[in-house]
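Sending over a structure as structure tokens; questions will come in a sec.
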Amino acid sequence: MEKIKSLTDLKNLQEKLNSKTGLSNRSDNAGENIRVKVAMATCGIASGAKEVMEVFIEEFTKRNIDAVVTQTGCMGYCYAEPTVEITKPGNEPITFGYVDVKKASRIIDKYVLNNELVDGIIPVNYETIDNK
Amino acid sequence: MAKIKFHFLVCGGAGCQAAKSEAILKNFQDVIMERKLETEIQVIKTGCFGFCGDGPIVKMMPDNTFYTKVTPEDCAEIIEQHIVKGIKVSRLLYQDSGNHENGSGFKTRGLHKKQIRIALRNCGFINPENIEDYIARDGYQALGKVLTELTPEATIEILKKSGLRGRGGGGFPTGLKWEITRNVKADQKYVVCNADEGDPGAFMDRSVLEGDPHTVLEAMAINGYSTGADKGVVYIRAEYPLAIERLKIAMKQAREYGLLGNDILGTGFNFDIEIRYGAGAFVCGEETALIHSMEGLRGEPTVKPPFPSESGFLGKPTNVNNVETYANIPAIFLKGAEWFAGIGTEKSKGTKVFALAGKINNVGLIEVPMGITLREVIYEIGGGIKNDRKFKAVQTGGPSGGMLTEKDLDTPIDYDNLIAAGSMMGSGGMIVMDEDDCMVAMAKFYLEFTVEESCGKCSPCRIGNKRLFEMLEKVTKGQAIMEDLDKLRNLSNVIKDTSLCGLGQTSPNPVLSSMDNFYHEYLEHVGDKKCRAGNCKSLMQYIILAENCIGCTLCARNCPVDAIAGERKQAHLIDQEKCIKCGACMDKCKFNAIFIK
Amino acid sequence: MAKIKLSEKKIEELKEVCKSFNNDKGELINVLHKAQSIFGYLPAELQEVIAKELNVSVAHVYGVVTFYSFFTMTPKGEHPISICLGTACYVRGAEKVLEEFKRVLKIQVGETSADGKFSLSCLRCVGACGLAPVVLVGEKVYGRVSPEGVKDIVAEYGN
Amino acid sequence: MDMVKLTIDGKPVEVEKDTTILKAAKLIGIDIPTLCYFQLKDMNIENRPGGCRICVVEVVGRRNLAPACSTNVAKDMVVNTHSIRVLNARRTVLELILSDHPAECLTCAKSGNCELQTMAQQLGVRELPYQGEQSTYRKDTSPAIIRDVDKCILCRRCEMMCNDVQTVGALSAVNRGFMAVVAPAFEMNLEKSPCTYCGQCVSVCPTGALTEVDHSRNVINSLADPSKTVVVQTAPAVRAALGEEFGLDPGTLVTGKMVAALRRLGFDYVFDTDFAADLTIMEEGSELLDRLTRYLKGDKQVKLPILTSCCPGWVNFFEHNFPELMDVPSTAKSPQQMFGPIAKEYFGKKLGIDRKNMIVVSIMPCLAKKYECQRDEFKVNGDPDVNYSLSTRELAHLIKLANIDFNSLPDEDFDNPLGESTGAAVIFANTGGVIEAACRTAYELYTGKKLEKVEFNELRGLENVRHATLDFDGLPINIGIAHGLGNARKLLEDVQAGKSQFHAIEIMACPGGCIGGGGQPFHHGDSEVIKQRAAAIYREDAGKPIRKSHENPFIIKLYEEFLGKPLGEKSHHLLHTHYFDKSKGTYIE
């Protein structure tokens, strides 16, 4: 990686990252892809988030689904760990709680493939700083 | 197979469940079956919407309509009107009362939210191990702005204007702290990030470091620039391996991108960071103890002054802030001091992250604006008390804090109000207790912690807390006399008044606060030898009610100490001498024949 | 105190650790962390070597080791069990879980079972309060542990 | 100088800005009680952990009470040192400390000298309302020092002395919270540690947690045994301090009364370590001259500087810390250990007393001497040259035990021949004294000229490290002096690095020299006491008719009759020793 040598460089990099080509490599906005974020803070991992993440990766590969699976930090819903947020192109992100290995497959079957929701959705209950 | 057209999201949070969401679910299903709409409508049970005051809540998808205070009787009407006729049921529609206008700049999706995420703005959004995720979300822009547009003095001025106060517990104005360090002349200065989160039941710092480590690095660099330090140290608990790992990755990436190191962003500013590990000593949360620990010494505090800002790490001026404080700083520079100061109360600006835990439904990490009430936190965000028990108290401030009770539920939470209520903000642990929690036992629990964590340097803390603990133990065992309660109070006051550091100066707070709010419980333990919460084992007896006992022998067979005797088909009896009060018998009894006296 | 007699190789390894921190006495805690991660605990001999390398008194090293609860001078069991007694876990019944572990393993806190398999310790908050009460076996976290579940956890490790 | 005005207990006071409340109060006659606080002003020694919290005072406008010992004054500060709030807090804190302290005053070695006891009396503690578990630890008895840390109040004075002042590093605060205590590594016995037995920890301990090993009972038994001839020797520093134990002002010389008391105690011969000090000068001075002469002749093998070796704490220190420099110190034994063989092999033989039947007792200002006399190399077939070493404090105790009214005793003289000494020997008690005495002799032997002015004022004083260049008739001799082992370490490190410019270095382990030794009456942090003792020693020197060791007629006679010449074969055998590398010592077996 080339060092960022000025504020302009930094802003250019940000712009690039937020452009279409940049998006495909990013976890917080997958652009055209289905994007899965698994909360992998200590409590998430302790509840089995790693295994859940593996299931998503395996299943997507097996079923040939074009999706980006990444880890992220604590979403705050400790009571419902492991938690997974899924964004389908053109849709609001949806967060699923209590996702174990079985439920991960069900989410792929129902939501990812068929747009059907499953129990245990966690409504976003906070506001955050506007991202531009 | 027909595609599902509508989703009904019914709040299945424990708070709403109490308010009949199970019945709503069932009614919806019934009506759907009746009308044979099962291929078009799917009813989903969700987690808590964080708005339980208006619960139960039903969200209609895909049109994002919110219905509040829905009753089971409303189900048919909703389907009839909303689905069949396409007309929203206006009397149930969510109305934004506008009471909590948070100003512009917040993403609002549907329901108005009680929480605002500033410190946690990136947690759960970005991949913490990818610096580009952070950069894409304005990462390091604040540092860039500060380095290119602002003098150190102007930077500090903005921070002062924002009203940010230390989130580690004390609430000291952050800008002022920076200014003091800036004004000390020295050849070398340090900035330190206190990530030795030791308050049992608090994990906000861990979450920030695990979810958004770059924000801390960026803020430390800003701190270094404005105070005149080119070295930063993160002092972190060794018990947080994941946070350490992610912090290391973040540091490595920041160096690779030139955002740490020499000549940052071509401005000539040099700044780098190293890590030192804590090793399990709560007292190291205290600045001077933390610095000694960083120097490889026993983490004992020293008398202030001199303050670390004058003579800190290796004798050099040192500015110590905690993780959450740092996490707010880039946002302040991106959005402005006025914006930040617009959130919160008169003297406490911005938000506070709390680790909501204990007897509450939605255990979790929350970030709320200062000034929110405890009631909102517990009943809206927290979804109410677990198992529908009765609320008794909330403990904030950990071992340094106190109990907040029913009467404090509507007090706006900020630094000063919490102190006035006999507790303190602390680092953000918020433990909810219900009627099954004994307040004397709680005080004892915290004192046990303090005794274990006291460094031992000063006598009131070393010996006084031990004596407090012993007296509380006497109370919970029913061995105390009334005079002991006066002694408890005097000793508590003296320990507060004479201890060397913050640990001892606050350690009696759980005792004083529980005595202030629940003196009757102390009296009951001492006078009546009773613990109303059924928590203090020494004060309770398991008794077999002879008329309910059928002599099945199940209890006797499960007693780990053979304390239960009795012939088959005869009423059994518990030998109180032998009984260890484990409760196994009561759990096993199928005939409600065992009760606690 | 019995001498364990570290092998020359181990002593060299330890000296390398000290060297990697420039034999700087200010890095004592980092050195101890590293040493404990290599040896599992910090026996007296090891502290003597470290003291010598960092040019501080052995008493000083011991003073630091005994100050911090993370450092231990007794070898832990093959499967060290730690029960979180943080507030969140406490109010959700961690004490009962601890009692059950003591009963099942027949050891007290700070002890190692006779076969060296398990050791028992308490810790304050791993930050997984959402899963309270929490138990750690080695690095593995068990959440929402009930006294009834204790036997199962122990059984997982073959006892 | 920035001055600050403030009010303490209603009285205005103006002090320099960095003054503590404690010191400011003292200026206007307000004595705020302290416990952990400790100071030896003239030696730059201060212990101020702010830990005991006895000295708390109320500062108007401050949330909590302030420790007076470590809170600086501020402009317009209003301080109250005895409000109800302060008195209650202070008493409660003391009650807490006492609640974790064994109530063994009646049988405690420190009773009567205990600062905690005094404090309890002063604050009027009459009962202990807060009682509970007491922290208990293993007792530890070493050859010189007993640790009974159940009585430790964690004032940290010993830790400060052992680490900051002496840089010995035998002690550290260990454990945490209620179980915190000051101890050697692994809470092992002191004997396993690099302890030098300098005894400075004992001399500053406010309670009975650190005391000396008491040999007075053995001495009483010996005195009562008709088959034994009991000989006593008294170190120079004792005579300048013993009077303090009997209420006399510090600096009162009680040489004659001390001799009288010893005689009344039943010692058969009352001799003086000063005699052996003169002997030490003969040997050590000759060694210096020998090395110097060879050095000046270009001998590359010769080791300079020469280091004095009379101080057993210092000897222990370099054996533990500077084993590679073991050939640098003089091989001359300390005066105590020179006295032993002379008493048993010369004096005893002259009288026809078998050494087994002679008991040599020394009265020392020192605790390391207790260890020194037990060293194997100072024994003949298991019989020590010096059987028992008592501290000044133990002697005072013996005198009281024998119902002797010390202050009304007449002055008496030492017995001969081992009681005669010069002024040079007396000043061994003070820092700089040994080297001054050596120079008096070395000068005359080297130059062959008479030294007109025997006082070398440039070698006197209390600065931590001193140096002076003396003119040996055209030859400049560079002298270094350090008292306190931390200061010694600095000089040693220079020697180690080959940077030392000195020809000779004197080192004494204790602040002020032997007058500030670990066996002296407790000075309780009053450095004026030590200064007065030093002055008394110089007075004693000035009053002596003979002030150079080589002029001591009994020393001359000893060489003629018995030893031959300094550094001769007999001297080598009886008066010189060798050192052991103790750096490899380990706590674990």
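By written order: A, B, C and D. Residues from 1 in each chain.
Everything below uses one rule, namely that a residue touches a chain if its C-beta (ideal position, glycine included) is under 8 Å from a C-beta of that chain, and two chains touch if they have at least 3 such contacts.
Keep in mind that what you see is a predicted model, and the values were worked out from it rather than measured.
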What chain pair has the highest count of contacting C-beta pairs?
A-B
Find me the chain with the mean Cα position closest to the mean of all the protein Cα atoms on display.
C
How far is the middle of chain B from the middle of chain C, if each middle is the mean of its Cα atoms, in Å?
27
Averaged over CA atoms, how far is the centre of chain B from the centre of chain D? Could you give it in whole Å?
57
Using mean CA coordinates as chain centres, what's the chain C-chain D distance in Å?
44
Whole-Å distance, chain A centre to chain D centre, using C-alpha means?
73
Where chain D touches two or more other chains, by residue
173, 175-176
Per-residue overlap in chain A, given as positions that touch at least 2 other chains
42-43, 45, 77-79
Two-or-more-chain contact residues of chain C, please, as numbers and ranges.
63, 67, 69, 126-130
Chain pairs in mutual contact under the definition given at the outset:
A-B, A-C, B-C, B-D, C-D
Going by the contact rule set out above, which residues of chain B touch chain D in the complex?
281, 298, 300, 302-303, 305, 451-460, 462-464, 466-467, 470-471, 487, 490-491, 494, 496-500, 505
The residues of chain C that touch chain D in their complex are 1-3, 44-45, 47-48, 51, 56-63, 66-67, 69
Which bits of chain D are touching chain C when the two form their complex?
163, 168-176, 183-188, 193-194, 586-589
Within their complex, chain A touches chain B through residues 1, 3-7, 9-11, 13-14, 17-18, 22, 25-29, 37, 39-43, 45, 70-80, 85, 92, 97, 114-132
Touching residues on chain B, where the partner in the complex is chain A:
3-4, 7, 9, 11-12, 42, 44-51, 59, 61, 102, 104-109, 111, 113-118, 120-130, 132-133, 135-141, 144-145, 147-148, 203, 206-208, 210-212, 240, 242-243, 256-259, 265-266, 331, 334-335, 357, 361-367, 381
